[in-house]
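Here's the structure, in structure tokens; my notes come after.
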Amino acid sequence: MRISVLVLLMIFFLPVAVYGARAPVSEDTEACIECHSSVHPGIVADWKKRRMARITPSEALKKKEVSRRISVEKVPNELAGNVVGCAECHTLNPERHRDTFDHEGYKVHVVVTPKDCATCHPVEASQYSKNLMSHAYGNLNKNPVYHNLMETTNGVQIFEDIKTTYKKHDATTSADSCNYCHGTKVEVQGVEARDTDFGELEFPVLTGWPNQGVGRINPDGSMGSCSSCHTRHQFSIKMARKPYTCSECHKGPDVPAYKVYQVSKHGNIFSSLGKEWKFDAVPWIVGKDFSAPTCASCHVSLVVSGEGEVIAERTHRMNDRLSWRIFGLIYAHPHPKSPDTTIIKNKTGLPLPTELTGEPVAKYLIDAEEQERRQKTMQNICLSCHSHGWVEVQFARFENVINTTNEMTLTATKILLSAWEKGAARGLSQNDSIFNETIEKKWVEQWLFFANSTRYASAMAGADYGVFANGRWYMSKNIQEMTDWLEFKLKGKN
Amino acid sequence: MRISVLVLLMIFFLPVAVYGARAPVSEDTEACIECHSSVHPGIVADWKKRRMARITPSEALKKKEVSRRISVEKVPNELAGNVVGCAECHTLNPERHRDTFDHEGYKVHVVVTPKDCATCHPVEASQYSKNLMSHAYGNLNKNPVYHNLMETTNGVQIFEDIKTTYKKHDATTSADSCNYCHGTKVEVQGVEARDTDFGELEFPVLTGWPNQGVGRINPDGSMGSCSSCHTRHQFSIKMARKPYTCSECHKGPDVPAYKVYQVSKHGNIFSSLGKEWKFDAVPWIVGKDFSAPTCASCHVSLVVSGEGEVIAERTHRMNDRLSWRIFGLIYAHPHPKSPDTTIIKNKTGLPLPTELTGEPVAKYLIDAEEQERRQKTMQNICLSCHSHGWVEVQFARFENVINTTNEMTLTATKILLSAWEKGAARGLSQNDSIFNETIEKKWVEQWLFFANSTRYASAMAGADYGVFANGRWYMSKNIQEMTDWLEFKLKGKN
Amino acid sequence: MRISVLVLLMIFFLPVAVYGARAPVSEDTEACIECHSSVHPGIVADWKKRRMARITPSEALKKKEVSRRISVEKVPNELAGNVVGCAECHTLNPERHRDTFDHEGYKVHVVVTPKDCATCHPVEASQYSKNLMSHAYGNLNKNPVYHNLMETTNGVQIFEDIKTTYKKHDATTSADSCNYCHGTKVEVQGVEARDTDFGELEFPVLTGWPNQGVGRINPDGSMGSCSSCHTRHQFSIKMARKPYTCSECHKGPDVPAYKVYQVSKHGNIFSSLGKEWKFDAVPWIVGKDFSAPTCASCHVSLVVSGEGEVIAERTHRMNDRLSWRIFGLIYAHPHPKSPDTTIIKNKTGLPLPTELTGEPVAKYLIDAEEQERRQKTMQNICLSCHSHGWVEVQFARFENVINTTNEMTLTATKILLSAWEKGAARGLSQNDSIFNETIEKKWVEQWLFFANSTRYASAMAGADYGVFANGRWYMSKNIQEMTDWLEFKLKGKN
């Protein structure tokens, strides 16, 4: 009897036992908390709830490797013995941080960066630097073609004499639109004084801040933001593994990954049964901790079987499980070799991974062998629940979709080329934007919305996004509308 | 040992202890339940589950003020000692209720109204009467401009001789479309007899019923419906605080608040971690009871810090936290002073808060000082988790978006004016509807869908709804399509 | 004290007690698990979690009838005493299964079918065979009109000389688009050898596999797939009753049932409070086990009152609760009598349940009396929580919407007929597809997207899907755009 009651008590009070309320907090962090628990009660309470506030790096290192959340072999002595609090992150590497400022006797910086996190998580930081996402700022803003897509999307238009012209769009607009996800460039502009409850204090003035974009350029020169997915100030792995996190940036018509997932069988299982799963288990055991993949299972997480066999190694590079790049670009194509895609040039000198008519620019893209290797890595996860036959057909269907969507994009491109040639619209040879006229915008939707959606629907089995929900129905209708537009425009022309 | 077991028992049985099964139920309510627990088992079971069935007003008044859900100082004696059951609400104020009917010896009314609820919740009822929502019926149906938008949206069209005409739309259609959310006018038409399990009984016949719209005109002359958000018959604060409640009316392309929230960082935190939060705590403690705002946190709820400091007072008026009105109208503008917007007239006599070219009609709108005051109230909530610098830039970006979206609406308006002037469409000077032709409908989408979506995306940081998901991409494309339409229409005209 | 602790212990350990870990597993299934728990750890773990792995058919039969999940009166002796494991389903009826193959000494088949499940669930299998869904493959693929809709949606288009042509679409594309939900035809193509961890083994090669579509044609000649909704390998009733399951196929613009549900009051209650409900209770008690309907409550489940009265009998036929067919076809119409709709012919010989101008083809459709009967069955569920007056008006509004949406479809049809007549497009009399030109595709959207959405919004009270979210706004705008298209096309023609 006594034992049973003890067991019961343990079930209830185990969490308290594991995360002792008495985990050592550094003096510096105590000093932060003293004021900020009343100034910013929300984030202090948030932090206190989770692991970072409850376990020291040296305790974390005592776990066996497969269960560790940190990847460093030895934590610097001055950090090892206290939990990871305000001061541990916001005063780290002050010399590297241009946003460092004097604050109540401390050298504090505002923007915590992948280089800071790398103190305990170097493997993840290094992998992430090879992820396309860490280069998302430059890949969009420094590629003249995509940058013009931004300009013609965000720029205010003026109408006069039945003609429209574009005003240049401003950095504030970019930060609020494309760069919200892609990341901004955060730079120190100066210093300003503010009246606070604690008297007048000085703070740095930052451009491009706030921002949590995946490719943020940080004041210490690093790229990316761990808190894009590991949301401040809980930094919860539970949250990063849920598809809602990915949906912050991967839900729109240009990249409907989350929407497709939602109507897929996997998404249904997650929605219907997911609340029984263990989202914070490390390693993550298929079948035991979760019954169907979330985004993280297939693209990021360390997944093991109930018998302890590693099914997939953890990766923050992600593209080592991806053989095709199916969105963002005009045609689907083998994944680029370098995460910096601004280096790519096609035959006509455009910074694109394919020609305008679809042929891949092989030199910058992974070869068939590497594609095969990455595909096997991904398929290994599928095989936890599906037979070889099932998985092979699934991937064969996906490659068929890559082909047919690329064909439909080519058809749209041919209509566009015809419009340019016949003078119905102005494009490359007229040195005009390729994104600013109706038929050009329809061409963009053909690949950016409809072909992307169809490919996602196939990859993740969310059927309607490949048919009536921005899928084949719209690809097919768009071709007809582009043709009609061309006919109407040319009417009475000659 | 004994004590521990007691603690455990308390954890399990506390709810039963707090809400004693023996809370006093009035004789009248017992009489209702006797039949209705078999006639309408669902709603009786619903009611029994929650607070209304478990605590008497006089017990509720014993709580300290900050924890109270009722705002009256003294409950009428005849109501104070019993829980709030069927009879307490459905037989209250019989003389005021035109829908009162004799039912098994009681004077019962069907439609419970804000005036009824005000018996215990007078502050909330009074605040709500100053909320634009309580005037949603008249503001739509009695404004000739918006009423014509309804007509041209809902009216059946006939095609003959390559021309279309509109049939008048009927009240049944309105009740099923716009007025579903805006509210209907509920009026007593007469009485009808029905055969029931308890013999023939008489019931009132109501027009505009059923309806739970926010601006419903009730048979007692009051406006609104508390059960829009506090859903019958649980009336759960837990539910009203969840964003799903707001999404019933705020999810479409005209007002995509919920969709934007879903992909925002706040929405992600709610979806990922929200099931651990306390949604029925009063007051609502930031960080402790919830980790990220839902709609209610920013727009309605009493929010306090862990140290007991009031961060925001409860408001059912809502607009005392809102400086701008960003949806519904042609241009975003300072919030109107009066919740009754039918009183507004612009220079040209149109019942609109701005001129057709965007200049606000200052007389009817709050001034800059009041805007500043409201903005500070809202920002105070943000500051629980964000620094002053963060919050200020967030709001500066938002005002930038108000400007650029208004500019893009003006451009669309200029194309429309040009179409009217050149005879490509018929508008104000031709005494024709401004909503019934293709180019007019495209103009409506520019502000009602795309500008609104872009503003919401900025206000609540749900990036893609400001870019590819009904955002800037569509504003930009729509301008081109409107221009082309004008060109095609004019072709061969002269 | 002792008793209380015992109660507590029971609360905790009851599940283990009910589903004894020692439920008898057949030798054959043990043999499967021996290898597959390491080859396919996910699905084995899945299966182990749920009822099928924990209760034998003979135990299941001991429950009183209203609580049973199986409908057979006597289970074959050889199956009665063991839990339902791998071998029980995958080796059943080997002679009927063309996909049977020799596997490690067993006659195994890949595709488990409704005929297999009927061993224990014959009533459900029989009902389902009368459900339109079980005929979804043929009703789409063998109806020449709809098949052409598939062709023109999925077929790759080629652009040459300002003209477009269609390439035939392939079976791989169909399996990945329409037939993903409608079901494929699964046929055995041959056998292939594979290297496995257990040496070289032979497996059947199947066309149309994998697929879980509702109308799948199986290798044993049966139609449908129970695992469409009762997802492998948990087969959880809990999951089938959640709306996420239905949303796999009923979320797109052609059939936005789930989206409408989400913004309805019912959907809000489910989202806000549903996690407190008992989704695996049989029978399902309104008010006690759930507080608002999900899809299953109204369309499938056995629903009883707290007093044990049956409110609705379980049905896997579903259409015995449906008087109107409101989606998929050009006009809403009384439900077809036969689930095989390929037998229908209208006056002009088209395989459609109405004329092109909307008149129903009465011979193939249920009559008013049967409509009335089905409507009463459905309304009985509504009456659990709503008054007769409420429910009658709800259904009257719905019939009004059926009329007005059909009228708006007729208007669109008249524009299309005019376009065909005037030579602006090529249709029936030109022996051309009625789906391949812009105006034809706009006509399709009028009924397939906008009228459907408006009807669902009315049926399930999700207002905005009847107004601005693919509802009346788009019906109204589409009529104007079709008229303009016709005008532009005819310009300069004569």
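Going in written order, the chains are labelled A, B and C, and every chain counts its residues from 1.
Rule of thumb we're sticking to: a residue touches a chain if its C-beta (ideal position, glycine included) is under 8 Å from a C-beta of that chain, and two chains touch if they have at least 3 such contacts.
The shown structure was predicted, so the numbers you read here are calculated from the model rather than taken from an experiment.
Visitor: Working from the CA atoms, figure out how many degrees chain A turns to land on chain C, in steps of 5.
Guide: 120
Visitor: Taking all residue numbers used at the chain B/chain C interface, answer same if over half belong to both copies and different if under half do.
Guide: different
Visitor: What is the distance, in whole Å, between the centres of chain B and chain C, each centre taken as the mean of its C-alpha atoms?
Guide: 34
Visitor: Specify, in ascending order, the residues of chain B that touch 2 or more different other chains.
Guide: 5, 8, 275, 488, 491-492
Visitor: Quick one: which bits of chain C touch chain B in the complex? Just the residue numbers, please.
Guide: 1, 4-5, 8, 11, 262-265, 267-269, 271-273, 275, 286-288, 291, 305-307, 309, 383-390, 393-394, 396-397, 400-401, 404, 407-408, 411, 414-415, 418, 457-458, 461, 463-469, 471-473, 476-477, 479-481, 483-484, 486-488, 491-492
Visitor: Any idea which chain B residues touch chain C in the complex?
Guide: 2, 5, 8-9, 12, 37-46, 49, 110, 152-160, 162-164, 170, 172-173, 175-178, 180-181, 194, 203, 205-206, 209-210, 212, 231, 234, 236, 238-239, 242, 244-245, 247-249, 251-254, 275, 436-438, 441, 448-449, 485, 488-489, 491-492
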